[in-house]
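Shown next, in structure tokens, is the structure this report addresses.
Labels for the chains are A, B, C and D, by order of writing; each one numbers its residues from 1.
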């Protein structure tokens, strides 16, 4: 069996759960298409520690596909990210108390990396499974983006053949009971991530689906 | 067995489904607390026809509890409505082509009716069941509000002992696959409506839960 | 000269200014159409004290037109309110520390009062002056709504021939410098209120402009 | 006098005005700090033609500072962009009918360019002038982003010492009269752009102001 690595984050910003980990842990040990097995790993919501934990997991599992998940409170859809940028600009301290402002993630790294996942095929597959989805053009400047950038930088530096990327997920209803914010149940998100992973392993070249933003 | 009437609307405004009916029809023939049976009736999304169909269903079923459901695209929570107002002001034609502007629903009726459902207890029960919920202070000025007003006016005019009101529900994910709008799966909404109905039959006097709006 | 009374509120909810008073005080002592003079009065943001201060101002000025203004943080347009409802449901304490939950404003009053201002003509006039405007169907359940209800109840009980109502206004840019919320400069809002007042004194019967909400 | 180039776009997407050009043309021929003169140039809202027109203007004016403005309907603040990415993904055709999907702007260019404007100092200056402002981490994937990318690529390829970047601006009230969307009057935006330009010419190294996004 070939390995797929999926990661989710610890809760942060005062929340007691993080939907990215709730989704990831539901997928742990699942097989996909009789050829892959999914391994879920929780990452700390901290700039440095997340990078370290992710690299360790990659070294251990040698995955063919890596998808990091992160919480995007306020978004209504599952959003595969297009691009990771080489900056940390923290609006709140991370879970280790670090709060970098406009520092590069890697001093010698390029400005940005593209996701190497077929993001349009993934969006198409999720919508076909009745899961709201869209491409996102910003992963922010906090731990989600820095982990995504560190992932792509490691895959590049180590010359791995792994396809890798990041998906932001909305709140779960448990987090929005008394506030007006979009949410999707974990079951809906798990269904979406499974068909997105199927799209990854089935798609060599991405689909020419328009899913851009005017701004 | 005592009867509960739940209604949902036909699709309107270019949509092919209406979550209010999808939720209602899932509840049809269900029993509640071994004492009630739920009857689901679909209403036309038209000012006049909805009123007629609703009054017929009330006469036929003599329900103890009536909850009309309606779609509120853009809302993120299940929202029991507090008040129905005596005006029709249609931003789009209804499904019969009527588009009244600032006309009263009932020439001789009062400005407004309160819901006679325990809306705070319903919200509390839904949140306890992990379903996002909040009281709403406006049902709009379209067919949802006019049906809600017609319901309360009929109950009042006929001197029925029925408790009655209205709940707006969000889009389903099927309706928001490619647009950024909040949605909840029909299963989540069905779960919410069931515990809300349980709260109705268990609650004689509403709870003093603050759930107001500053505007 | 005939009198027009315009009111605005004190700051509340942690804000240091209240756009409703900033707008109102810019209009104080202005004449309108060579026939009216505008008097601005600040009301406390407190359920009981606002009602007292408003009734005093009415008794003193005997205005022909009364427009109470209130802040609606998050709205993008100037919104004449259609209806005041007979309930106080405070999500935060008022400036005197009161926090009523689901209490009537007037034990013997009707469920609701309509605004007696030509709200459609006002919206039309504001838009014609390049000021974003729309009818609102809920003034909330806090001090704005209770003052609006108390106003209409007093006019009704005293059998005054005054035309009266309420307009919610957005934040000013000074309040949204570092957060993503709609705002309009006080100059834009003052321009809007002036043309809205002109529409009031020029309009005997309101315009049949559709400006309703589906929910 | 040293030259500053400011650009705005033609209307697009069914709008009859474009606030980016309304702001830019108000600044044409203005001097700044007795040392600079601002030149406003309108760009076509088309992938190829905008790039051509921009390069022509740069060659003609040899500006020390270049700020391209673009409309971001739905945003509430003036938003200096942090990064331009090397992709065109058009959700609607441009004004010449082109609709590229996932094509690079420059086949040989890097994934992304940073703005070389002091975006934090600009945001700080605008807020100090009572103009809502924030850093944005995505300029989208349409003509705004492609023009921003083409700008940075040209400055880089030509080894110019010009500091350059992009600012997205909200709708004007004229565009939102009857819809609920944030807007700022052109006067407010002009005031903001002037102080932002002053910040550019006064700031050698950007300020360490946190203004990031968690996603």
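To be clear about the criterion, a residue touches a chain if its C-beta (ideal position, glycine included) is under 8 Å from a C-beta of that chain, and two chains touch if they have at least 3 such contacts.
Every value quoted in this text rests on a predicted model; they were computed, and no experiment measured them.
*Asks:* Given the touch definition stated above, what is the smallest step count connecting subunit B to subunit D?
*Replies:* Contact-graph shortest path, subunit B to subunit D, evaluates to 2.
*Asks:* Any idea whether A-B or B-C has more C-beta pairs in contact?
*Replies:* Between B-C and A-B, contacts are more numerous in B-C.
*Asks:* For subunit A versus subunit D, which are copies of one sequence, does the interface use mostly the same residue numbers on each side, meaning over half shared, or is it different?
*Replies:* Answer same: the two copies use largely identical residue numbers here.
*Asks:* When the C-alpha atoms of subunit A and subunit C are each averaged to a single point, how far apart are the two points in Å?
*Replies:* Computed from C-alpha means, the inter-chain centre distance equals 47 Å.
*Asks:* Where the CA atoms of subunit B average out and where those of subunit C average out, how many Å apart are those spots?
*Replies:* 30
*Asks:* In angstrom, rounded to a whole number, how far apart do the mean CA points of subunit A and subunit B lie?
*Replies:* 38
*Asks:* Residue numbers in subunit A touching 2 or more other chains?
*Replies:* Subunit A, residues with two or more chain partners: 75.
*Asks:* Quick one: label the inter-chain contact graph as line, ring, star, complete or other.
*Replies:* The chain contacts form a single closed ring, each chain touching exactly two others.
*Asks:* Hey, which residues of subunit C end up touching subunit D in the complex?
*Replies:* Listed in rising order, the residues are 75-77, 127, 130-134, 173-174, 176-185, 187-188.
*Asks:* Mind listing the subunit C positions that touch subunit B in their complex?
*Replies:* 13, 70-73, 75, 82-83, 85, 87-92, 99, 101-102, 110-114, 120, 135, 137-145, 168, 206, 208-215
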